[in-house]
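In what follows, subunit A forms one complex with subunit B and a second complex with subunit C.
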Partner chain A sequence: MSPQPATTGRPAVAPEEGVAAIETYAAPRSLAEAVALLRTGEATILAGGTDLMPQSKTGRARFQRMLMNVRHVPELRGIRGTQDCVRFGALTTITELLDSALVKNRFNALWQAADHFASEQLRNAATIGGNICNASPAGDTLVPLLVFDARVELTSEVNGAAARRTLPLAEFFVGPGRTQRRATELLTAVEVPLPPDGFFSEFYKFGTRPALDISAIAIGFGAVRDGQRLRQVRVAFGAVAPTPIRAAKTEAALASQPLPAAIEPALAAAAADIHPISDIRASAWYRRELVRNVLRRMLNNVTQN
Partner chain B sequence: MDAMEKPKYDGSLIGKRIPKMDAPEKASGKTRYIHDIDLPGQLHAKILRSSEVHARIVAIDTGAARALPGVHAVITAADVPWQRPIGVAKDHLPLKGDRVRSPRDEIAAVAAESEDIAAAAVKLIKVEYEPLPIVATAEDSLKPGAALLHGEDLIVTGPDGKREVVHKASHDNVAMTFNYGQGDIPNGEAESVVVVEDVFRLHYVTHCCMGVSGVIAEFDASENLLLYSNTQVPFLHKREFAELLGMDPGRIRIIQPPIGGGFGSKLDIYPFEPIAIYLAKITHRPVKLIFSREEEFMASPTRQPVLLKMRSGCRSDGRLTFRDVETVHDNGAYTSWGATTPFVMMQTISSLYRVPNCNYRTRAIYTNNPYAGSFRGYGNLQATFAVEAHMDKLAEAIGMDPLEFRLINAQDPGEVTPQGMHFKSCGFKDCLQTAASRSDYQAKFSAARGKWNDGNPVKRGVGMASMLHVGGGAKIYPSDGCGTIIKMDDFAHITLITGASEIGQGSETVLAQLACEELGLPLSAVTVVNNDTDVKPWDVGVHASRTTFIAGNSALGAARKAKAKILAAAASKFGRPAERLDLREGCVIDKATGEKLIEIGKLIRSLHFSDKAELVMTTFYYEPPSHKQDKEFRGDVSAAYAWATQVVEIEVDTETGIVKLLKVIGAHDVGRVLNRLGIEGQIEGGVVMGQGYALTEDLIVENGVIRNPNFRDYKLVTAPEIPEIDVSFIETMDGEGPQGAKGVGEAPAICVAAAVANAIYNATGVRITALPFTPENVYRALHSNSQPPTWIAAA
Partner chain C sequence: MSPKIDVAFKLNGVDVRTTVSPGMSALEMLRDELHLTGTKYGCGEGECGACTINVDGLSANACLMFAADCHGREIVTIEGLVSDPRTEALKKSFVAYGAVQCGFCTPGFVMQARNLLEKVRSPTPEQIRRGIEGNLCRCTGYKKIVEAISEAAAASS
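Right, the complex of A and B next:
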């Protein structure tokens, strides 16, 4: 999925061009092997390939000399819960998210995002790590992951040993398609703290059709309910800024007074939090209208339940 | 012989649910499309298209491309000075030498050992351009001083070195005009109690065939040309290719492999086809050229975008008084069939409902945009969109129920319209009433109107629209006929060789059914041959919803002749008059007693092996009793006319603009159902195509450039959005149709958008006159953030 700008009507110049840069193919069998191959930073990482493949055709993907398929690295797989945190291996597919009882019970917004993601075939191949590293402003899992305060784990080889660092997802994104990941680093996992008891969350995706659509806007919302007051409010938006964003002003407005009085100030705050552009999917004006109307609807639902 | 498998018979085949004969092959992935065909020694071709929208070509450098190993030929216009123009107005040379008029324009082509090499070579070609002003809209194109798209003579140099003007310079950007009139508009206006006027804007969409365009061209050692082509009109194209190449048509053979979708897109010759032929001629090798999906979006035709201004009036009793219509069609850079869609639009405007006074003026205008071709419905979606909007508006203006209003104006059987169409069978009123009652239209219509101001942001509505379309061919050429050859072998196996082309519509199955019904044989006894111009008899081609009607009648004629021959032989063998005999369940029977006299195969064998050997082999040519229109566009152009009414139920979310199509209730006058499964599929597919036109599909063209040449951004309807579809068949048993059937191919796509527009109004009180109804467009209209289309000032 490419964010804006749209492809032009120019002929698809030699689709092979990008791929032609590839000289070697590697399929490491362990994390150690994978990060060793990444040492010089001259490998393109292939996970599900659902972004990489179409991007290679439109010429958007720049290929390194080596194509490294990480699908056989066992350390990148699996969803594991601990006391206070859930660790999603980078290769966790969208289907695995959908099938996980843990995700469904504790991370509803993430489960909803998985449910609205592309189509069955895509969900089977697409990975959470790929969604994050592709860093599209419209990446669907990114919005709920921001709501859940996710952190990304990056691994590289330093002095012959694997070295890890983690950073908040909110800081990971730099711009459309751009992240803090260094060329020598592999995204190994996403860590998500278990939300506090009573935390509920919702995800809304707007596309022109229910399947196989890229979000024109997406909204993630989560909070702990205390009568008509919301605590620990978290709001995130997709496709209305160069990266998916946490909406600090909206969160503050919602935390400052009870529902439903908080709704209109929150909508005004949201208008200040977002910076949408016009592209072929939607105009900036329409994105603003959608954020306002859909957020209002979500908050009205919260008020009424 | 007893050990051999025996066919099963279950009585008449007509109206049964019969799986398409090609379904097992397609479902199992065994069908060999053109993409799957590879000839020994074949080269792969790729085209270099323009990087500019409108420019003069200053220089083309193919040196590096020619030098690339694996490249066999690189051609530009300079290499084929003898190329001739293609298209409906012959304003279009396959390879452009001095000027490009759109980003699809073909500048050079490469034939190489592989697709990769050809693609690499294309990238090595350097073109120097001198930009010209871009004419981005028909409106700009009509302004005084606009750059002329075809302001210079188009000149080619024949093989003998003679220069010839093949398309004359034109002093404006008007590509084609039509004017039609009946009655007298001022009289009609004078009789009107209400008059309504609107401007409608219909957008670009494209066919989106799953199988992208492609061709394989090969010359044999005697310079005969063999083309593997997806054409819908093989015989017309055979002739046209002959003219293009200066060849004897008799030396051209076209084979049509199974096609991955046509929908009208393969009615014209496009530059890629002659280009592949030039390359085959130059390299003496078979040359295969297959589009990429992006090329398919850019360089295959579109539905014609139209700006349409309409005034209509009626009397207080509901009778229509007049309709005055003017349209401007964006023709794109070259003229293909899209320019002639007014032929069909005119029929709807003048004759769907009785309207005594009617005027229709239209112009197709050159621009630097993609050019429009023929597309299922052929202008009828656009015309119906406007006509049906005004039917609702007029009914509302005089306070009449929209169904009743339509019934007052609907055509009846037997009518001859001022345009000369004779509706020998006409189930229009049945269609209206059936669709209305099955959808509970009137109750839902009133209920929805009562809820405009109920505060609920999600609204429901119903909308109705109807259509008239040719259903018995369309005589736009001197002949609208089709030939059939039936050959029966000594086991009573039929080879049905038809001129008709199969493009997925299910014609093979229906033709086989018709022949078997006549000959008392099971479907398993038929092989249909329909894809080789050296084998099959002449046919106009697959267009105008004509195949079941025309090729069906042709197959019936050949089958009847075969039957007569068999019965005559049986009559002499058994000494009973032929009139007493019939064919049933593979046998000759005595009609009166039902007694089985002999197996047909056995009888045929006795004919073969007698001393006066005879074959059962018959031919038939069917020419429908229709007429070419005169210069005023009057004439009974089709042997039968098809009718339909569709009611749609929708939900509109006024806070997002999302319109959901919930249900489509259709009633179609199809004459008679031949293959129930096939016709249901045809109607469901057509409804979904109409749904895409109404709600999701939008080929975005900005300054001549297509901005969404891919399926991510060009949004086809996907499975979850397909509504419940309820179809009723109105069987009017057309007197001329094969077993009473009429054409249905285009019909189901025609009224969906018109009905959805009416439903949006019924749900919200807002009339939207521009397509498509994508969420943002609808939202803007509902929240007064868009301007309704306006008529072109310069017009």
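Right, the complex of A and C next:
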């Protein structure tokens, strides 16, 4: 794979495809209104704006004819738990994740990612739906959401009514900045199954400073502990492939034998799961070293606790 | 031809109406349309916090916010805090501790420090450092800023 430009991998667009392309602005007040406006697939969706604004100022955002601000759509708000699942409205901010006892108690890796997310100013504005749709390989919430088997809910208007489909987050990303969302669809929620009893999870992000850094690599890890055996192991990596990824080979290696014997095979498996590139933040070699050493440290901690 | 968008919101306690273009940031609107220049443009990417404002009670980077998205919201800038006692305490302690050198980052730091002190009355130095993680200062090395915020907390609690 050839190196990508910095930050999102999006090349500059022609000036007439930037903000100059916007002909109308809409701020729908309901989901029905929002999906109706999306019928022709010619709207750029604005939520927190924290990615869209810098992308527009640096000429990396391609705008549609309509700029649609979805912040006033009430159906996109709120964190709601049911018996076996939690539904995060797409407009849930990172601060709201951080302030949620449910997230802290049941989705530790997601809470940790929210805690490490940029800065307070950013956390107050940035949304989970925006983080997902921006589809950065280094998106902070994406790695833990993969660990928790999240699904995305997409809503569009079909024959005058709102129609929903859901798909696993792991299938949603198709490349840097690219997703399976159709132009007529709005990402309305993220659904995350409650993890099994005894499931613990950890998120680790490596950057050059704690705040406001885009990850050189990120690792999400979760499992149910049974002595030194790990069951239901889930591992995800960020910033080491064109999209955030689940690490199937690493998971299989960790499930096949008890700790600490499983560690070295898992590190070898992780090297096969990842496909890092060299860019402004780290070389491919350095990313491989980071994944190996950070994953080893995380697994050593699990072994000793 | 880019469309004009009418926005109406509360700015420093006063109802304002103005017209903005779709790509305009809240920072550009505040500085260039409404002539409130206390909120600074540092990086334009949310990295430096010089443009920190308060939106509906929460701190935010004005450079990352779309001006159109200000509609219906309550926005407070550094200019709106002239008679705020907590801000006054911060102002005094920033001067007393030499926490201002070139001064460019100062309005953002004061906004963010006030926001921290609203939530945590007597923050530890660690809580202060965490609270200002979204603000950069290239002059002071932060020590004086952390001390000044600590002193302002003691003075106003």
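Things worth noting here:
In this section, the second predicted complex is superposed on the first by the 290 of 305 C-alpha atoms of A that agree within 3 Å, B and C clash if a C-alpha of one lies under 4 Å from a C-alpha of the other, contacts with A are read in each partner's own complex, and residues count from 1 in each chain.
One rule holds for everything that comes next: contacts are C-beta pairs under 8 Å (C-beta built on N, C-alpha and C of every residue); 3 or more make two chains touch, one makes a residue touch a chain.
As the structure is a computational prediction, the values presented were derived from the model and not from experiment.
Of the two partner chains placed by superposition, A:102 touches none, neither subunit B nor subunit C. Judged by the touch definition given at the top, the superposed model places A:284 against neither subunit B nor subunit C. In the superposition on chain A, A:224 makes contact with neither subunit B nor subunit C.
Contacts of A:36 after superposition on the shared chain: neither subunit B nor subunit C is touched.
By the touch criterion stated above, A:194 is placed in contact with neither subunit B nor subunit C.
In the superposition on chain A, A:212 makes contact with both subunit B and subunit C. Using the contact criterion defined above for the overlaid structures, shared-chain residue A:294 touches subunit B, although it does not reach subunit C. Residues 54, 119, 210-212 of subunit A lie in contact with subunit B in one complex and with subunit C in the other. Taken together, the subunit A residues at the contact with subunit B in this complex read 1, 6-17, 54, 58, 119, 206, 208-214, 280-283, 285-286, 289-290, 293-294, 297. Against subunit A, in their complex, subunit C makes its touches with residues 2-3, 5, 21-23, 25, 44-47, 49, 52, 55, 58-61, 63-66, 68-69, 71, 112, 115, 131, 133-135.
Contact residues on subunit B toward subunit A in their complex (touch as defined above): 48-49, 51, 103, 116, 119-120, 122-123, 292, 294-295, 297-298, 655-656, 658, 696, 700-701, 705-710, 712-713, 715, 717-721, 774-776, 779-780, 783, 785. Taken in their complex, subunit A has these residues touching subunit C: 18-20, 22-25, 27, 46, 48-50, 52-54, 56-57, 67, 69, 71, 95, 118-122, 124-125, 210-212.
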